[in-house]
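Next come two complexes, and both contain subunit A; in the first it sits with subunit B, in the second with subunit C.
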Partner chain A sequence: MAEGDWLDIRGWVEALSFAIADNTVGMSRFWRQKGTTADILTELIMAVVVFGLIMTTMLVLLWIERKFFARIMDRRGATMAMRSLWVGEGGEHVDWYGLLPFGTGAPFRWLNRWLNKVAGSDHEVESVARVRDRSYHGIWWMLPGFFQNIADAVKFLTKEWMVPTKADKVVFEVAPFIIISSTIMLFAFIPLGPHVWSANPDLSLLFLMAIFGIAPLGVFFAGWSSNNKYTLIGGIRSAAQLTAYEIPLLVTVLAVAVLSGSMNIIEIVEFQMDMDGWTLFLLPLGAALFLITMIAEVERIPFDMPEAEAELVEGWWTEYGGLRWGLLFMAEYLRAYAACLLFAIFFLGGWEPFGGNLVAQYTAFIPGIAWLLIKSWLMFAVFVWVRASLHRVRTDQILEFGWRWLLPLSLVNLGIAVWLRLGVWQGDTWSPLVIGLITTIAIALFVLLAIDEDPTALEGRERPYSVHVKAGPAGPGTHKK
Partner chain B sequence: MPASLLEEFAFALLALLAIAGAFGTIYAKRVAHSMLYLIFCFLAVAGVFLLTGAELLAAIQILVYLGSVLLVVLFGVMLTRRQIQEEDFE
Partner chain C sequence: MAEMWISMGPQHPMTHGLWTLKVKVDGETVIDTEPDLGYIHRAVEKIAELRDFTKFTTYCDRLCYASANTWSHAYIYAVENLLEVEVPERAEYIRLVAVEIQRIASHLMWLGAYCPDVGNLTAFVWCLREREMMLDLLQELGGSRLHYNFPRVGGVKRDLPIGFAQRCRTKINLFLNRIQEYEAMLDESTVFLVRTQGVGYAKPEEMVNHGVTGPNVRAGGINYDVRWAHPYSVYDEVDWEPSVEKPSIKGADCYDRYRVRVEEMQQSARMVLDALDKMPGGADTHHQHGDEAILAKAPLRAPEGTSGFHHFEDSRGESMFYIVGGGEQRGKFPYRNSIRSPMFITIPYASKCMIGYKVADIPAIMGSFDPCIGETDR
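So, the complex of A and B:
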């Protein structure tokens, strides 16, 4: 079904801008180009719409990062978030309103009591109270974590902007521009739905990958211009990392383009919808490679050597502070968001509903953008899961991994894609045998590789660098014992 | 403003940027500065390619040259003597 869904935002915007052009063009004798005016208006409004959609839905990403990561690593602070204002830690909150003179803190005390009554941790069943103390109140009481983002934004906005005395000031100011502008430019080419996109050139895939590669330049210049050895090491690591993953990433993306027969992102999604199968089941190796190289591209934890806060204070952005830091951090998450969206588009069928054509007629009331966003958020949960599970690789390890494993495997993947397209593709559909066979082989290989761990590590269950602490699971009040 | 006039204006801007970037590449005192100018020069050239309708060439220009510029500047910074850390810029 290439016709798309009912959420025809682009169509509405076009109608609106033509109406505006009809009613305004001709007011001045220098302003008579009706079609041009309507086109420019359409593009402007669509750019704003897509940007707004991305920025608002990005809050979910930060929320997933905070909550899911805190759940996995059992961090109390982040799981408590907003509720810690009145519930406090282990049932004790800061009695700051009791310090106010003349009893002016009384309304706050009443508010606190009321909030604790409505949304506190007390429950007659002790285990329920314990769970509530970890801020799990079902979906509604997890939502207040969103306000943390506003608090962060206010903090960044009110901080002083400082440039190190010995920094190269012009480059120091230009580098964030390169990073942030190229990151936001990415979303011009990422379609959010069949009718929700900002730009759709024939070669949108190529433009997208080209723009994806600009930010490491900005990272390098940011690290170089700060005139600090940690930032310089971070910047050089970013450049070294680029040489390891950029080529496998591009070859993997090329395999997707070969399989779909198009370099247009919307056509790649439509190819998956038409054949009613996700590329994930046809190129499982490509999906794995794309996931790995994309995590390296957005510099998240297994490959976040440029940042490496354990070794290099804060990596290349050590010297950035205030709003610049906030915007750079936002750009970092936007890049991760773009990576998730791209994985969903390339391998998870984009805006095709779960279940494909079998359920398409029953889910027609759900716009495609909802499916795409849900898929990309799930992918981001995988990113967070990876971040919580794996440790950081070394520079030589990623170089060796990139050149000796990722590059040959991506070439094999490209060969598979060419063979599938030329030898197996029947014109409009795949024989179910192909998808079943490839998926079975992929699952079997994955299981084999997953079982084949270091036998001594499996026997002893001992981590070489861990400190063996006899500690029970954390819970409310355990910090006091 | 007719579309062609807009295009000419954009071309003039991009051409000026490319020339300025090329001169900056030559006359900059520091390796990294000249590489930054080179990036702007390449981006402007990619923009000129876009204006002429050569979209593939523009994308390849950004994809290939900007990555290689990063490697060039990397070697430039690593293999040349550098007074950073000890003295101020200007």
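So, the complex of A and C:
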């Protein structure tokens, strides 16, 4: 399994580059540089391929964010709906297809009638029915809203680019480029499949983590140079937050590297494929820590204090507009995408199929990249789920959380990884008992922690500071009961 | 970081309206605040002197768009006190239903606006979903979606529509079930608790001294609900009890103010269900416009020197109207109409509550007091 799959993109690109180099440089008097030219060409083409793959598949991320979020929120309306374009509201619409000559509008009329039948308004609560009439309830395969991303991009392109008068213009312009370029650089080291990667140095993990830490610098620049009090506070919050999550993140990643015995991302995946299991089952604590710190790293709720819209308007984003804002937003989603891909690579077996070697011969026709993308999209759904159900914590709270919980726990996790590697690892495989034991403990702990809510707390409203009491009559009025 | 003043407003997500909160911060810590009100002063009290009693009801609706019915009812009660009108009991029950549904809608609007203040957008959409049901009910009564102009001097505009009681019971019961969703979303979320518990302490005695009323003061353990302490209308006949929290020794925090409103929504729902059961003549009968069962005859002119007063439990506190009759000289117009807005008193106090907390707590504390600027600036 570790050898890879049939979708040998890198092999094809290498063959193509060698053919090109043979027929161009190889024919010339610089024929000695033939191999170098082919290598450079391979790298360039692979960089473009990976970039294109990332950019196109990122649309799925945005779509998940829109749709899954809207479903959780039980939202009806513009985010859920594109049907109003066709059938109008309340069944009333401009009968434009009736104006077409020779009855050519009839198919539209049938479609309209059918849509009304399938997704019409018949809910018992008429307000629900009224808004449901504008939404695609139940028709998931039409991918409503998918192309909204393109409309958004066009909107950003056509907007004016403004710089505040008293901003530090050079830094103000440079900051987005630091953020965006470092974000795109991340994907040079993230393999999308066994043969879909653009660079693979021996220490790719270290390189990746170093690049992940560049963007907060750009955020701080942006916050400071905008000459706005909200952006300033946002930038400083970003720097303060950095100290809370970056060290636990690095220690957690170190534990993964220790367990896998490699600092190379592809070898980490191959380690999991060789042992036919996911690191998730060996380091569940590490997976939880990585998820939390990565959410903080990509600045999503509940850790999005630098852009807290309630008190800081938009934080360090406030003064950016137009295409810069769009690119910054894209960079944010790219970072979230990188976080999801890394989680899938480190803990979910990368491009290992679901089921591992047991079903490998039946799933061989699915290339590894598909598995990795599906895993990372599912991870992003978890990110959206977290965003939809949690609130924003304060800066002092994340500092306290980071230093008092995340850092000690990540050290414990590192200790577990070292113990597993030195004491339990048998050289090529794991005893099934180990994985079963650790998974059982993790599930038991999770269940215990998940049901910590006391059911009587809601009824009795008991909490440290306030206890609900039944109110007796007060004041001059008399109650007849 | 050095100390600096931040001017939050007049357009800022925290304000929930049009006003400015100047905040002096030392790094992330708030060390001084200064509210700046009056951006949408419309001289409503002066307008009242140039309208007769019936025409001013619509202006009362517009005092607070989130809670229009309570304001127009507060005014109507003051006018009836001035003109000494006996209101039919059925009309009183219909008014109670309308006001309590409006209170639920207003508190849902508050809860919906409060959750984005502490960073969650999901509960916002959920709350507006339920509020839409309440607005549908009110639309059946008043005819429009936000500003109903429902009460009349001596009764109500129209009787309960046919089938209203059944629809109302369905929706209220659905809403009572949905409250459990909010509690699962908010009360059981540790992040929500750490953002609201122990934040924005307001001492009960200070609140009383400042004149803070309504849910804010009941969150501090002061059992002062006008509907309970000085029952008007038929509040002493329906089945309910005021929601009062027992705060800690430090005072009422944001969580207390959240809890008291959720409790109050449940009590309002209980009141509506009970009032529909106890409605004189039955909730399913429907009288025509102007029937004397729902609308009593009322004089148009008030003699000179007479005055009418009513204090009313608004969604945000105790609102008062004081109207002095005009006599022959002023014709149908009152001589003076004075409005007491609860939020005008609460906002300066709330601004002082946030001193010592973090910048991130400003929307959490300010939002928990449920500011409404329409009634504040009048």
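Note that the second predicted complex is superposed on the first by the 384 of 481 C-alpha atoms of A that agree within 3 Å, B and C clash if a C-alpha of one lies under 4 Å from a C-alpha of the other, contacts with A are read in each partner's own complex, and residues count from 1 in each chain.
We adopt the following convention: a contact is a pair of C-beta atoms (placed from the backbone, for glycine too) under 8 Å apart; a residue touches a chain by one contact, two chains touch by 3 or more.
Bear in mind that the values here come from a model prediction, so they are computed numbers and not experimental data.
Shared-chain residue A:225: touches subunit B; no touch with subunit C. Legend: residue contacts after superposition of the two complexes on their common chain; A:168 is shown touching subunit B, with no touch to subunit C.
Shared-chain residue A:101: touches no atom of subunit B or subunit C. More residues of subunit A are touched by C (comparison of subunit B with subunit C). Of the two partner chains placed around the shared chain by superposition, subunit B is the only one that A:206 touches, whereas subunit C remains out of contact.
In the superposed model, A:427 makes contact with neither subunit B nor subunit C. By the touch criterion defined above, A:388 lies against subunit C but remains apart from subunit B after alignment on the C-alpha atoms of chain A. With both structures placed on the common chain, the touch criterion links A:236 to subunit B and to subunit C.
Subunit A residues 229, 236 lie at the interface with subunit B in one structure and with subunit C in the other. Only residues 1, 4, 6, 8, 12-14, 25, 27-28, 115-122, 125-126, 129, 132-133, 135-136, 170-171, 174, 183, 185, 187-189, 191-195, 197-198, 223-224, 228-231, 236-237, 239, 241-248, 250, 252-253, 255-256, 259, 263, 358-364 of subunit C touch subunit A when the two sit together in their complex. Residues of subunit A that touch subunit C in their complex: 72-76, 124-128, 131, 229-230, 233, 236-237, 301-302, 304-305, 308-313, 388-397, 453, 457-458, 461, 463-481. Of all residues in subunit B, those touching subunit A in their complex are 1-3, 30, 32-33, 36, 39, 55-56, 58-60, 62-63, 66-67, 69-71, 73-74, 77-78, 84-85, 87-89. Residue ranges on subunit A touching subunit B, taken from their complex, read 30, 33, 36, 165-169, 171, 174, 178, 201-203, 206-207, 209-211, 213-214, 216-217, 220-221, 224-225, 227, 229, 232, 236, 239-240, 242-243, 246, 250.
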